[in-house]
């Protein structure tokens, strides 16, 4: 892969090597290398993110295995060592040839823990760029995000733009775990205009939604139920059945009512307990989340979900630990940014559209809030990309025709030097 | 480890290297080696068990990993290759110096998928023979069973007994998955007197219960719920939530009523579903079991449990596969055998006692039924062994003072040439 | 109570005597009497509604008891007999003194099966007009609706309006059970302009929302689970536990996901099963509902809920009957009607406002659809009324200052002869 | 009905007029009248039971309705008034014509809240003595118990027996609510030999089991969950859903494991919540029970069940009240009594048998414990009676051929003057 690789080639390379949050050793180090070769100032590791502000960091053995796999298979040795232990953020900065504001674009790096479809109807399978790494998949378009950002970086190497452009390559967007640590390291403290873009979102290829509203606040929890093991036939009464407590909790969490006048969501997305049919399981681990279109509502949901977990543990005589492993807040779109994006989209020949039906969360909002707190402006745009399946499904795929559209629109916005007067 | 190793040394060696069902490559090959060195005729692999009659065989990758680990760490190369793929049964036969019946002793080889306690109060931890292999543990005394059988084999090498003695070293007793395959291979077709012995069972060290009644029929099921993945926030309605269906099933299975006049049990011992909090999980896998003190009652329980699983799948729009991965029936104790054991126990200075409160299942009953069908007699005895925790708990441990008692009593029974006239 | 009673007096009389759906014998017959005394043409009984098109009609014994209670306590004997058996709709028509369209106003008559709060902080309790009839309560403002309609009827007795005014007094709005039967009887077949108004809806006293959007489609179901009774200790295995099946169904129904891009609701609002702790209950009855802002989505919800009930019955070996006891569809507001209401509201000095956050269903949509099908126009407006508690809560109460506002605004609309050109 | 009515006539009269616990006004007053007419000393009302020691007394309105119904339909006016408010126990004493011990026989009076089968295959329906009172039924044979006791009372009127005989007619055996109050009033303080007999229990007509073992300790609980009502569509998030909390509790209670080495039972036998599908229910009431063959085990079960209820309330943000409404302990059978019964049974031509499979609870154990505490002896016997359906089923019926057997055996035991030397 070279700086001049096409956006499609870049995307397929990343698609083949999907890495989940804080494990993006190959993705991040290769991106850093490409950016450095293009002349950008590059910061990685503890210079790009505050290690202690990360949430939901995987176990050391998981990080190590991912690190070794990346080292074996394409990581850039110049940047890899600084990333050890999951410091997989990258900041790249380039000054233009005339004065102007600091404009930042965020791209996220991580894949999802999903087994990608091997069906012939799935383009990556048919064309041979399906995930090489079992149990991980780019099912949310982040492979495209990185490819687009690096392609724009190549174009901007001509320095024909006002002010300064910053690329913020963020790990662990899934789960809302990575942005806060980059914010904490000061990644956007000097930024005047902040942009995050997402491919797909139910919008058709060729369209751009200048301001995606309703990004949801989101709390991710890991709940661990501790019971007592026992022989299931000889002395079941001496056990305390962690699996049953967790199962009851999972069902009860999903009975949370919708909040009138709000978009709210809960989900128990992972549950694992026990090893054998003849043992009362002593431990159960659950990953779950709450979301709402208002921070205070999400906080109330989180409180109610925690009470539900506590009650379920009490029902089955279990102890309970609940850890916050991800946290995302809301942020509004600044109209100035939306207008600039809309103008760039029209100029680039894209169709301007409203938001699709889907709603989601993105911890890009952490950057947006910091930039606004410092007097800057921020926006979150959607770039249409047809997909045969919804985000996070095993047959999700972005229409690659959307990639040049994204490059053209974002290049134009970044290069435009958004006039904030 | 040599043929002359003490029963305690043998037990601790096996305890350190616990292997779950059909993965007993080290345990079985070493046992075969010791028996061969002692002059016993040894059969292993497909000669000792019918491969297709095994239930609940692990995935090939799991078997391979266990095989390689055993090869690296102490397996006997003379017997290991024939066991590849999980053919880990051993049959050993020795003819005495005078005529008499064929008498068999069953010992089971397998450990449990439990993480052994590291607490200082746990003797194996304190004395340094705790499991070296994470996630597996001898928590049911089978390490003692093998050690006792091998020690008796050494004693019987003097051939000072009537008839023939057969040692049946069975894999995968846990889950009721191994005996049927050895029965199918003819392991006990010529046996006149069959004995199975179990350490512990709530009986105190120094005691022997000549006939354990009420061994339970047992069905082990693996249920897989298939749903549809979806983004948990953007389109939850497009998902079909396998985790919730499995959770509802788990709770409902445990509401099965007790059967008046019978001992019955159900247990969901393992449930795993999903990977990430923001995805609707598309698959859930569950291990569960039913037990009853009468075969027909267990069949009815199994039918009702299957209906419960089907109903839960229907509630959540899921597809369901249910596989029978273990099956144990009941078998009575022949009074003649019980009398012989009682006499031997008294002669060996042990206390004769009734059964403890605990009840369990053991697919030794498959051997017992076959032997009885051919006109032989069979019995299942308990040999007391104090333990600080119940069977299948992470701090289970057998009092090693029980091992010589077991050796003395069983040696005497086997050598006695049970008079069936 | 006389035709000249004040709107507040009327409302308090109805509030004291709350009657649930199809039991509004006192309310409907008194209203009919007042209207007749004012000179309106009045139709009741089978002339006002098609008996077989009613859904969720109570048991005959319940209807009879309510009928007798009404007969004892204030019903109007001129109209009561025709209403026997639950034919409690009233149609009243008055022709104005000049040509014009047929304009209809719907008011609903029924109360809810709730025990009204006796707290001193609750105005009806403090002022002595709390429900006299245990277990029933006007907790949705329908008492106000009838009082307002009758007060307007008194004003319109001057006939100083164009065209014809029709008052449609509908039973059993709660549960969506009464409108269809009046539609079927032709109640609005000749109507050009149809209005339904609701007090409260989270809007403040003094405000009017000219068009309440998002009325939800709604399906009401009664599910009956049939099991087998048994002694809970002597033979629990011979029982089939209807209570548990219903309980599992109730929880599972509430795990239905929200539909992205839609407002959806499910609720299990009533469950009753069993009589005694020592019997396995053989029957369980449940009332539940689905709602959605689009008819097709509601139909899908209803299908999924029915599948959930079927699955739960299967889990517990139960038979299941599901009966549709209420059905409401959606209907849009015609902009012409909204504009006319807005003008009337402003002329009457009310504040014009948008809709509150709350959403609900109303089978007024059945009238609206029929009127539109015949070429007419229809609208649903909200008239603000402060309440210390939400609709359907035991301390719900409408601010009586809202009643004259409602009278003034609606009088103006009806008298205006909505110009449809 | 006269003192000389046959045992079958007596039984059918009581069968037609079933009265649930503490409502046995007709049954008890008629029995008292017959006994008085036969010359027995009769105590009723507060002389026979301590009012404050009763558990689970129905609401005053329920008691009053039952009282009035009895007054209208056959109660004995001489004894009825003293029973007002549910003091429906009767003590009757007769001294024999020679010295001897005080021997007591307990008979229970109450029916069950079940709707009796109207099927032609059900003898009481076919022969016209089916329950006249809807929702109540003698489905446990207590109608036979009273008839047998009164018939024996007629025979013993000859006073041809040693010592004294006491008949203890106890209300509210179902639920374990009545015996304690009679014990507290001193009903058996002077008793040397105490007998309780039960018809049926799975034993065939013509057989007698001299000592029913394993009567279970039993705790009856009434749990009330308090939530918050809300409109299910407009503001579900403002509700706290009592129905769901109770449903989750019901299912979780039934997942209680069996206790190895013990007979244990749990049952949720009644649940009622809510009124309407469109309201979040604010209250749910549940009747449930625990049983075990050892008092301490039942206490642990009760503790765990209470914790389960508390946890479920916590899951759904509910308040919880739990009231103990019935409590039964265990009691052993004295071998002397069993021997005497066995001898009497043989002398009467009955078959002596062991206990059937069924197990149950009976608060006769409260009398048994008190008698033993005072140095007496006590026993509980079973008298076979075929039935086409199990106890507590709506087609339960005792074979009337069992009634003379019961009379003959018990007459013999009471008249024998059990020799305790």
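Just so it is clear, A, B, C and D label the chains in written order, and each chain counts residues from 1 on its own.
The rule is simple: a residue touches a chain if its C-beta (ideal position, glycine included) is under 8 Å from a C-beta of that chain, and two chains touch if they have at least 3 such contacts.
Since the model is a prediction, treat every value here as computed from it, not as a measurement.
When you average the Cα atoms of each chain and compare centres, the chain farthest from subunit D turns out to be A.
Interface comparison, B-C versus C-D: the pair with the greater number of contacting C-beta pairs is C-D. In whole angstrom, the spacing between the mean C-alpha positions of subunit C and subunit D is 46.
Averaged Cα coordinates give subunit B a centre that lies 65 Å from the centre of subunit C. Counting only residues that touch two or more partner chains, subunit C has 233-236, 241, 244, 248, 251-252, 254-255, 257-258, 260, 265, 280, 358-359. Residues 233-237, 239, 241, 244, 248-249, 251-252, 255, 257-260, 280, 304, 307-308, 310-317 of subunit A are the ones that touch subunit D when the two sit in their complex.
Within the complex, the subunit A residues that touch subunit C are 251-252, 254-255, 257-258, 260-261, 263-265, 357-359.
Subunit A meets subunit B in the complex at residues 112-114, 135, 174-175, 201-202, 216, 218, 220-221, 228-236, 238, 241, 243-244, 246-248, 250-251, 254, 265, 267-282, 284, 287-289, 291, 326, 358-361, 390-394.
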